[in-house]
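Chain nomenclature is as follows: A, B, C and D, assigned in order of appearance, with residue numbering initiated at 1 for each chain independently.
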Amino acid sequence: MADYVYGPGRTHLFVPGPVNIPDQVIRAMNRQNEDYRSPAVPALTKLLLEDVKKIFKTTTGTPFMIPTTGTGAWESALTNTLSPGDRVVSFLIGQFSLLWIDQQQRLGFDVDVVESEWGRGADLDALESKLRADTLHTIKAIAIVHNETATGVTNNLATVRKLLDTYGHPALLLVDGVSSICALDFRMDEWGVDVALTGSQKALSLPTGLGILCASPKALEASKTAKSVRVFFDWKDYLKSYKIGNYWPYTPSIQLLYGLRTALDLIFEEGLDNVIKRHTRLATATRCSASLAVEAWGLKNCCQKEEWFSDTVTAIVVPPYIDSNDIVKHAWKRYNLSLGLGLNKVAGKVFRIGHLGNLNELQLLGCLSGVEMVLKDVGYPVKLGSGVAAAAAYLSNFTPLIPSRI
Amino acid sequence: MADYVYGPGRTHLFVPGPVNIPDQVIRAMNRQNEDYRSPAVPALTKLLLEDVKKIFKTTTGTPFMIPTTGTGAWESALTNTLSPGDRVVSFLIGQFSLLWIDQQQRLGFDVDVVESEWGRGADLDALESKLRADTLHTIKAIAIVHNETATGVTNNLATVRKLLDTYGHPALLLVDGVSSICALDFRMDEWGVDVALTGSQKALSLPTGLGILCASPKALEASKTAKSVRVFFDWKDYLKSYKIGNYWPYTPSIQLLYGLRTALDLIFEEGLDNVIKRHTRLATATRCSASLAVEAWGLKNCCQKEEWFSDTVTAIVVPPYIDSNDIVKHAWKRYNLSLGLGLNKVAGKVFRIGHLGNLNELQLLGCLSGVEMVLKDVGYPVKLGSGVAAAAAYLSNFTPLIPSRI
Amino acid sequence: MADYVYGPGRTHLFVPGPVNIPDQVIRAMNRQNEDYRSPAVPALTKLLLEDVKKIFKTTTGTPFMIPTTGTGAWESALTNTLSPGDRVVSFLIGQFSLLWIDQQQRLGFDVDVVESEWGRGADLDALESKLRADTLHTIKAIAIVHNETATGVTNNLATVRKLLDTYGHPALLLVDGVSSICALDFRMDEWGVDVALTGSQKALSLPTGLGILCASPKALEASKTAKSVRVFFDWKDYLKSYKIGNYWPYTPSIQLLYGLRTALDLIFEEGLDNVIKRHTRLATATRCSASLAVEAWGLKNCCQKEEWFSDTVTAIVVPPYIDSNDIVKHAWKRYNLSLGLGLNKVAGKVFRIGHLGNLNELQLLGCLSGVEMVLKDVGYPVKLGSGVAAAAAYLSNFTPLIPSRI
Amino acid sequence: MADYVYGPGRTHLFVPGPVNIPDQVIRAMNRQNEDYRSPAVPALTKLLLEDVKKIFKTTTGTPFMIPTTGTGAWESALTNTLSPGDRVVSFLIGQFSLLWIDQQQRLGFDVDVVESEWGRGADLDALESKLRADTLHTIKAIAIVHNETATGVTNNLATVRKLLDTYGHPALLLVDGVSSICALDFRMDEWGVDVALTGSQKALSLPTGLGILCASPKALEASKTAKSVRVFFDWKDYLKSYKIGNYWPYTPSIQLLYGLRTALDLIFEEGLDNVIKRHTRLATATRCSASLAVEAWGLKNCCQKEEWFSDTVTAIVVPPYIDSNDIVKHAWKRYNLSLGLGLNKVAGKVFRIGHLGNLNELQLLGCLSGVEMVLKDVGYPVKLGSGVAAAAAYLSNFTPLIPSRI
């Protein structure tokens, strides 16, 4: 059963999560369970918590690693800082921000939805108006995705912070960094983010299973009075465990802890800034393939402006006569290539290339070759090799030597 | 770092969770991430959901596999079936029932706590009184642990059902089967359990990461009107995914799915009833070691009556002049043996031997030998070999040949 | 230490051995040792021996799996069938045939070396002359590599057999199939091969460690009188073990046996003929990249004639102003790409792309993109994308859907 | 198929090879193939060669790691140092020395077999007579197993050296250390051993696949003139590779190299002398179980004298009315316990407990419990718990704390 879909060779995994796990991490996770109340697991956890802060670029934040997914991490961020009825400004720019807003509403917050066309970034002008108008500080939080995975759009968090500061607004800044942290430039402390969160199966390149959050001192303070009902996602139980020194209010996945240890080791060995540069490089190469009018495929990026271009996922708009679902299906059926579907409003209209996590140049070029062949298969008049050539031209100029091999 | 506690040979893992993972399952989980929106993962999930019902012994229940721990599964069971302020009868008989009650209270239910001495089962006489008195059916749910992991006490669920039936009481029966399901005799349909739940790291012998629940038709019905705030734990999103056929409202752990596939295969190959018999056998052998006055150690079982003896974990009371924490520490430091600590009220007073999950006779006898040596080390006048002899005498009579090797 | 050469993403392994291991096989090998005298290992071995014959396309051959490498398998083939001083006709066409001839000489045979220019196939005209002249049948064996891994040249075994038949010559036909069997069309019985051999780390896509041979009835007969000194490589000890039913005269690698089981399962699932077609397809695509004058790189294939083109490895001649060693070094240092060096006479003059084993289209295209970028880096005026385009054009026409996914 | 013999829980592996692999080593081996001509593999190999010398306790020896088994390592030791017809004194004391002698004879040496009763050590008085008589130095080598795995007998190599020195005899001292090196006290330099060898699947606790030898300067010198025909096992090709710096004349198993790296790391972390002490401790405990007249089983050690007791394997003589094969079969069928069979002369008469490699106290006690139950099952009047008690009494006094956990 498990392998009824066997195809020869490697599966080319280019969905924007879960992403490719490094062999080193798979190896580290290849292990038995352990007593999580032994001296070893708390000692391991303690160091992990310290190191996790580095990928959020925070020294003042308090990290939480919760056995859950991104959706659970969202819920933890909201319920620990807000009370039912609290006013939240939230930006709808694609499927994942939509789902988060849905959660916010179901959790009982008064959500002020600022909608943009899918393919555009958060409407920060609207935010400015709202902040300017909100002299009574009824807005308790701004909830924003750093990177909208459905459309390949990255929001400008520095500007959000600047607006809050400009208007001296005390609203909490809650950031979904699920498809950004550890891949895009993310600066929790510098940007004054109050809660930032990610999931293990994204740029950290682990299996699903850990929702990782960092809370600012202000967010921690808010958690003391927030009235949202919560138990599993309650930071209080973690803080108690940290104080006691056993670090876990309930059973963690031993395998994920050791996996995270190795994942962080690899990231630090490469250098977080180099990891981010690598993401920019691969993303730029992907865009070279996709959208240069003549040399390459001539397809449109779903993301409408360069300032929002995402370096972790590119959503590519197909011509109306093509169903993007066919591209995804065909890629998998013929070339063992996993691409991302278009979701909701852009279903059938875009397909997505996830280029985040543990990935390198030749893997991407293999993927781009595959996309070309699939485009041809579904009837798009692509010139085979054109996208790969454009990407290679870029990569050939900007790829550094592997430092450990010089 | 990861191995700073290296000791030669195998770690003997006898905590009552997380438990020993079969090599076959570790192997099955040794894998890359996959696109969970491909045709493969939903097909796999569909079969898993069918097969999971078998270990709950239900044909009418609806299964949910949530990326969480037992604590999250508790929360899912409660919030999907109850509304804030609902009256719940709950039994406090040890640390885990205590924690569940704490959760019930924090979630806003009106909890009617029925307390027993730690080491005794749920007070079903008290339950009977309450049911008899509750002619207005103000009690919305009975919440009960099938097996209290802290004291090694198993509650009699058949009797609970009988009482509900006797009084024609419509309260929902919510059962924590975390340390019972797949190890003890558990009959969801026969006992009219409305929600039953377990965690992957217990008798299923997987890593932590899946909270698995089954809901009766009545519980599903209740979920339509239950007003508890919930999103991540909401069954509704799963039911929608089942209908659509993608089976997952958010990203599952690919590795755990394949692991669960193999874990179930092994259980079915052995036969669920044989698995349960094996647990009874190993538990009985453990009790032979611990408590036979002359032949063996002469220590008391924390569980006060035979009718409550747990077949998944035995909590053993040490004499007042010994600190049970020393036993656990010493076992780990000298013999690479992980035992369970005494928790809360019985901290320092009991240590626990978990004998659930993928385990066999000689593993247990190795553990019992270790316990003996540790007891001697901490000053208890044990006769080395006595407990092992008692256990072996039992096992030697009752262990069947391995069917596949006959 | 082990990872001091860490680079992000996957290593692109395109040496002609050891080759990429399928994840399924890595998983199957992720296991403990076992008693090889238990009932399980002989039962497993018995089936493996039966199944191994299929990849040699023999029903009359007797298989041997020896814990050794290809070099050891060579030695086993020779010493079991020949006596010191025996006359052997052997073809020198590259580094590996050279090494085998060196072995033949050191083992004391009277080797009649038939040399060809490196890049050409075995000189079968010379063979014909020798056979015609050898009316006294002094030639005891013809030793020939099916595929010369150093130059990417495949010899025509059918013709060799035809010549032997034409002249009614009884010489044994000993074939090195190390880089051919399970990748190229190989027909032991039809071609009257007397000993054929391969190594586990080649097209079988396993780790190194098993030398696998098949001996024809005639070869087995010869082994009864062959006087070459041998013990470890002696078939006699195996034949005795087969008769006894324990199947192993000395300890096998348990891990490799289970790995081989899975490797064969995957090959049979794909279909051996489909595996061979896939090799032809990937090899043709590689050649499209390399040698089409205008569209692609314009580099020469080391193999001089199409009839000898190897479908498992392509050796590509670089212009005199480039050192092919630099290509290999640079590919590894910048793109995490492992290519094959030029060896001996063609050192510095060729680099090699191994395209055998568990590999698919997009992996190859990623490799070809990498080769292009490296060519550019070392100063060759390649047009980026040209080779990939040529390969993709071919693959796009000839790649079938993955059968299990249709 | 692979798991048609599935039994719940862990397999208790107590054959004297292949032995239990540490989880850390399994993890390290869980990996892809790599180009063995890259800079990484030679660098890794170079360090391994240095470190391997430590387990032989040699600083002057030259190590060889050959992709073969112990049988191949034997052949390499002999053929590199001797010429056909050379006189070798060899000691027949059990099945493995018998097999080595058989090999020596088949390789064409003039073997002077000194036979002892199975269960006794090498007859060193006979050796002394021979050395004394051999004033012309016709004896070219003494070939001796350090530890006879079939009977659990350890020979005294220090005495052999002393005899050679006493008589100023220049014969080479060739030692089979397959079941001793890395477990028993072995001192290549101090004892003037000329060739010592072991296999990866023994005390090094790896899978089968590496024959590891060390050659003294004198042995290396001898290899220059030794006339035995050899290629695969020829040290010359290795020495050439060492000089070139690529370290491998043919393809090694990448997985075994990384496994060996970790195996050595673990041994050095524990401390080689502590590893040896642990073997003594576990062996003594086994003997306590087996042979103390009243307290324990009352069975005889096949090894007749304490001075020869092996610390890696104990062969236990069963009463005539019991077939020891039944014990082995039954242990596997009922308790998932793998014991060693009696071989050849002692077939049916002894069973063997291998207690070498990565093993600890509680694993051994589990095994001993199992042996007791099996003895009872086959009709031996064992007092259950008696052997375990005797072993535990010893272990309880002599087992140190795990250093990393103090």
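One rule holds in what follows: contacts are C-beta pairs under 8 Å (C-beta built on N, C-alpha and C of every residue); 3 or more make two chains touch, one makes a residue touch a chain.
Which chain is which protein? Per UniProt: A, B, C, D = alanine--glyoxylate transaminase.
Keep in mind the model is a prediction, meaning the values are calculated, not measured.
A.B. asks: In terms of C-beta pairs in contact, which of A-B and B-C ranks higher?
C.D. replies: A-B
A.B. asks: What is the chain whose Cα centre is as far as it gets from that of chain D?
C.D. replies: Farthest from chain D by mean C-alpha position: A.
A.B. asks: What whole-Å value do you get for the distance between chain A and chain B if each is reduced to the mean of its CA atoms?
C.D. replies: That gives a centre separation of 35 Å.
A.B. asks: Find the geometric centre of each of chain B and chain C from their Cα atoms only, then give the gap between the two centres in Å, rounded to an integer.
C.D. replies: A distance of 53 Å separates the two centres.
A.B. asks: If a residue has to touch 2 or more other chains to count, which residues of chain A qualify?
C.D. replies: 4-5, 20, 23, 26, 28, 30-32, 39, 332, 405
A.B. asks: Where on chain A is chain C touching in the complex?
C.D. replies: Chain A reaches chain C through residues 3-10, 12, 20, 22-24, 30, 266, 269-270, 275, 278, 332-337, 358-367, 369-370, 372-373, 376-377, 383-386, 388-390, 392-393, 395-396, 399-402, 404-406.
A.B. asks: Could you please specify the touching residues of chain C with respect to chain D in the complex?
C.D. replies: 1-2, 4-5, 11, 13, 15, 17-21, 26, 28-40, 43-44, 47, 67-72, 74-75, 84, 102-103, 106-108, 199, 201, 207-209, 228-234, 249-256, 258, 261, 332, 338, 340-341
A.B. asks: Which stretch or stretches of chain C touch chain B in the complex?
C.D. replies: By the definition above, chain C touches chain B via 23, 26-28, 30-32, 39, 405.
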